[in-house]
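Once you scroll down, you'll see the structures, which are given as structure tokens.
First chain A sits with chain B, and in the next complex the same chain sits with chain C.
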Partner chain A sequence: MTSRLLSYVTLTLVLIFLLGPFVIIVAAALSGGETLAFPPQGLSLKWVMKVFEVESFRASFALSMFLAIFGTLAALVLGVPVAYAASRYRLPFGETIRTIVSAPIIVPGIIVGLALLRYLVIPLDVSVGVALFIAHTALILPYAVRVVSASLDNLRSDIEEAAVILGSSRVATFFRIVLPNIQSGILAAFILGFVTSFNQVPVSLFLSGPGVRTLPIDMIWYMEITYDPSVAALAALLAFLSISIVFLAERFLGFSRYV
Partner chain B sequence: MSDETYLDLSNLTLAYGKTVAVESLNLSIRKGELIALLGPSGCGKTTTMRAITGLLRPASGKITLDGADITYVPANKRHVGLVFQSYALFPHLTVFENVAFGLRLKKLPTMEINQRVEAGLAMVGLSKFHSRKPAELSGGQQQRVALARSLVMEPKVLLLDEPLSNLDARLRLEMRTELQRVQRESGVTMVFVTHDQNEALALADRIVVMKEGAIEQVGSPEDVYNRPQSRFVADFVGFENIFPVEGDGIRTEAGAMKLSAKPAAGASGLAWRPNMVTLGEGNFEGEVLGAAFAGGSREYLLKSPLGPIKAEMDAAAPAFEPGSKVAFDLPPERAAVLERM
Partner chain C sequence: MRWSGGGQWVCPRTQHKVPTHVSESDGRTGAGVARGGLRGDRFSRSRGHPAFRGFRAEGSWTLASYAGFFESELNRTVFWRTLKLGAIVTAVSAVIGYATAYSIVTLPPTARGRMIGLVVMPLMISPVARTYAWIVILGRTGFVNETIVWLGLSDTPIRFLFTETAVFIGLLQLFLPLMILSLISALENMPKDAVPAARVLGANWLQVFVKVILPLTKEGLVIGGTLVFTGSLTAYITPAILGGSKVLMLETLLYQRVTVANDFASASIIAMILMVMSFSANLLLKRLATARNKR
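Entry: the complex of A and B
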């Protein structure tokens, strides 16, 4: 009986710990006051409306969307063939390739950001936008490879041989037989990559330059200057966006299978 | 069936990396024949089949089909069909689209594709299933789809990998009959791989017994069953008492033993099925170690100076109790004469 009580207490504490910040942010977003505060002073939607009026938010939102969409697409274009090769062929140095590809998951973002800044942006004079694009692609690549590999491993390889014997070339077989059967895995990889890129802070922090900032970086920057609840409102909006994407993905794809 | 060679494997050596799986194999198959490649796992039968499809490139040797050298023709241009052991249906396509897959690649007119797919599905009795997905079919139905998918391509040779092994006993008999009917109706040359001697005996016109990457014996089911040429084949088809020939008799655990007649000249071994051993009379004596009732007969395991002997007697004959002594004989006139031990 005591152990049962204890587990309820633990569960409640964990839930408070996980959901607490979210509740605070949403409450702060709906505040009627002038500064970021909890408990909120009054109730209003004005800070939520304000979010859409801040010019820099709009620009950085567009940049973040661009990076999340095209960075993820680029990672998939690179990652799907890697995943395919790794699952279907015994490659020389296969293990090494896998390790290198998954390195950005293991290496702290701060280090990746610093390395890209020091050895890519500064010496080669790459523009901030391009640097961010490369960085986000590299960061998403391991997720893309991992998720697509999981669905490839569930796909029998003899169906490809069957297609070849029926007259299909190897390349055509990939598009006609392999791709249609791993499309939910690819979609799952896209969503995971999108969310990862969109929420990315440490790497973007190093690479963001004057006037070119991703949304999370812009939020930090905004807060340092203007301490009003619109940041909380934006955070709450983004949280709802992420949650609905993942919810839909789980509902229609069984997203948790892949992650 | 003509006498001319249709599919010819000549001096074929097949390897995975440095591991040689099949060495210098020679085999000629006539048009319309139904051939079984029979052997235990690892004997090279599946490897040989993969080489015929083009999925495996030979290390050396030559494959000709219908007069053309196809040794290096890629698998998608060979006009060879393969029914996979796992069926390998395309999970995202309906039954109809699975069967139509190869025809669509040929860019045939839609009318003709529809006709041929319907005819193919009718042939395997699945006309009503054309809008189902493979996952909604039973194993037996999936196999029929796989068969139809290969047949509609009108392949020059149809290969089948362990076609009956994934089916239960009742379906197996049904599918066996079905395969024979399809082969008769379409006249397609068929080569199937199996490890099950009963399957090979029941289905094939000719059986190719393989062992460790080489052909042990090629012959009709009757030949292979009654006249095995080697110890391996004899053992594989149920000759359980096998002795090497020595002098005018056989070599046993008790040394050379004479039989009631000399073995044929050139024989290197003699083999008896359990039911070829005479029990109750004869020059040898053994002790019954075990007896088992097997419906129409009784099976005995004897301990004898020659070594262990397996015998089988009609169930109507008097039974021998375990522990009792019994006289037996290995009649040389009934033995299979082995050329190789």
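Entry: the complex of A and C
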């Protein structure tokens, strides 16, 4: 009985530690005061409104959205064939290919950013935006490959063989048989990639220039110069956005099967 | 951190000089003054951005530069601090992780699923938002200080932000879920009767843990520990927001070396250190995974 009680106390304390900060953020976001303070002075939506008025937030939100959507799409265009080849064929250098594809997860993000800045942006005069796009695509690629591979492993290859035997070409089989069957895996990969890219900081750190900053980095800068609760409001909005995306994905896709 | 003498601190991001007495006693809780947040005109001089200047003027790269890197006291301090914080965060998260994971595993299935969901949830949220919450909580007019003053424990607010404690708390909150999840899957694979059997045979809880649970979940502990340790070593956001330039860690030092001093030699050395640690951790994980698949 005491051990039961002890475990409830442990769970409560750990959950307060893990989730309590969000309650505080939401409280701060709804504060009516001019500075961050707890307990908040009054209740208002003005800081939530202010988030939408800050020009740099709008620009960086647009950039982050662009990177998250198109970076993930590019990673899928590259990653789906890799996953397909790796699961259906015995490739020469298969292990090497797998290592290269998963490298962006292993190498700390800040180093990827630094390397791109030094060897791509500076000497070749590539624009920061392009470098950011490359970095985010590379970062998402491992996730895309892993999730799509998991989905392909569940797809029996004799369906494809049946289609080929019945006269379909290999390419047509891929588009008409394989792709429709791994749809939900691809969608899961997209969501995982989107969230990863959107929340990413270290990779983008060195790759910001005039007017080019991703939203999380913009938030860090903004919280250095001001001390009003608008960052709390933005943080709360982003937290709700991520949670609802993942919640919906879990609800409709059984997201956790793939991740 | 670059001290330009005369009690001045040069901001890593903006090269603004800030008298140190201001950053010692920042009137506000905010990251602003303490980290020299007077941003200045960073973006108006596009090619003049600190990171863009003087790239072609760097020196050659020999092993001697490693020795030189560790000659600097600041670099040594940062290196050991990073290892120390990583080790402490890993150890504490292991202790809390075992208690939490064991509590979760012994729950009935529905409740267990819900609890796992709640533990996973923070992982989906932007680390910037997660770290920012601690500014609200630990700041001068934050939740903790208001409570301390209200209880009469101290007349003046206590400084929590920009201390190792703040970075430790932030890192622990960031990485604890990874440890809990690794330990949950390890504990779930443990034979169900092992603990009751040991109890019936007269072992106390400490003996049960050391002689039964620990050996049977060793792998999960190593996996979780590696994730937490490398995560802490290569963290940028938490030390940047909660530690500022007072509590530099390897990644924040790297950023500073590049943007302030254009010191690519040091930056590359730090990058190498981070890569070596990250790769060896990954090799260890891979070896464990293949060892498990063989069984």
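We adopt the following convention: the second predicted complex is superposed on the first by the 259 of 259 C-alpha atoms of A that agree within 3 Å, B and C clash if a C-alpha of one lies under 4 Å from a C-alpha of the other, contacts with A are read in each partner's own complex, and residues count from 1 in each chain.
Throughout what follows, contacts are C-beta pairs under 8 Å (C-beta built on N, C-alpha and C of every residue); 3 or more make two chains touch, one makes a residue touch a chain.
Fair warning: this is a prediction, and the values are worked out from it, not measured in the lab.
Enquirer: After the match on chain A, would you call chain B and chain C a fit or a clash?
Expert: Fit.
Enquirer: Check whether A:Met219 is in contact with chain B, with chain C, with both or with neither, and answer first, second, both or neither.
Expert: A:Met219 contacts chain C only, not chain B.
Enquirer: Go through the superposed model and pick first if A:Val54 touches only chain B, second if only chain C, both, or neither.
Expert: Touch partners of A:Val54: none, neither chain B nor chain C.
Enquirer: Hey, is it chain B or chain C that touches more of chain A?
Expert: C
Enquirer: Answer with first, second, both or neither: which of chain B and chain C does A:Phe22 touch in the superposed model?
Expert: The answer is second: A:Phe22 touches chain C but not chain B.
Enquirer: Go through the superposed model and pick first if A:Ser168 touches only chain B, second if only chain C, both, or neither.
Expert: first
Enquirer: Considering only the touch criterion stated at the top, classify A:Arg156 as touching first (chain B), second (chain C), both, or neither.
Expert: first
Enquirer: Quick one: is A:Gly211 in contact with chain B, with chain C, with both, or with neither? Answer first, second, both or neither.
Expert: It touches chain C, and chain B stays clear.
Enquirer: When the two structures are overlaid on chain A, which partner does A:Ile177 contact: first (chain B), second (chain C), both, or neither?
Expert: first
Enquirer: Tell me which partner A:Leu141 touches in the superposition: chain B (first), chain C (second), both or neither.
Expert: After superposition on chain A, A:Leu141 lies in contact with neither partner.
Enquirer: When the two complexes are placed on top of each other via chain A, what is the minimal CA separation of chain B and chain C in Å?
Expert: Scanning every C-alpha pair, the shortest chain B to chain C distance is 26 Å.
Enquirer: Going by the contact rule set out above, which residues of chain B touch chain A in the complex?
Expert: Chain B reaches chain A through residues 53-55, 75-78, 80-82, 84, 86, 88-92, 101-102, 105-106, 146, 149-150, 153.
Enquirer: What residues of chain C sit close enough to touch chain A in their complex?
Expert: Those in contact with chain A are residues 13, 28-32, 35, 37-39, 43-44, 46, 49, 51-52, 55, 96, 99-100, 102-104, 106, 115, 118-119, 121-122, 124-130, 132-137, 139, 141-143, 146, 173, 176-177, 180, 234, 236-237, 240-241, 251, 254-255, 258, 264, 267, 271, 274-275, 278-279, 282.
Enquirer: Please give the residue numbers of chain A that touch chain B in the complex, ascending.
Expert: Of all residues in chain A, those touching chain B are 156, 158-159, 161-169, 172, 177, 180-181.
Enquirer: Touching residues of chain A toward chain C in the complex: what are they?
Expert: Those residues of chain A that touch chain C are 6-8, 10-11, 14-15, 17-19, 21-22, 24-25, 28, 35-39, 106-111, 114, 117-118, 122, 195, 198-199, 201-202, 205-206, 209-211, 216, 219-221, 223-227, 231-232, 234-236, 238-239, 242-243, 245-246.
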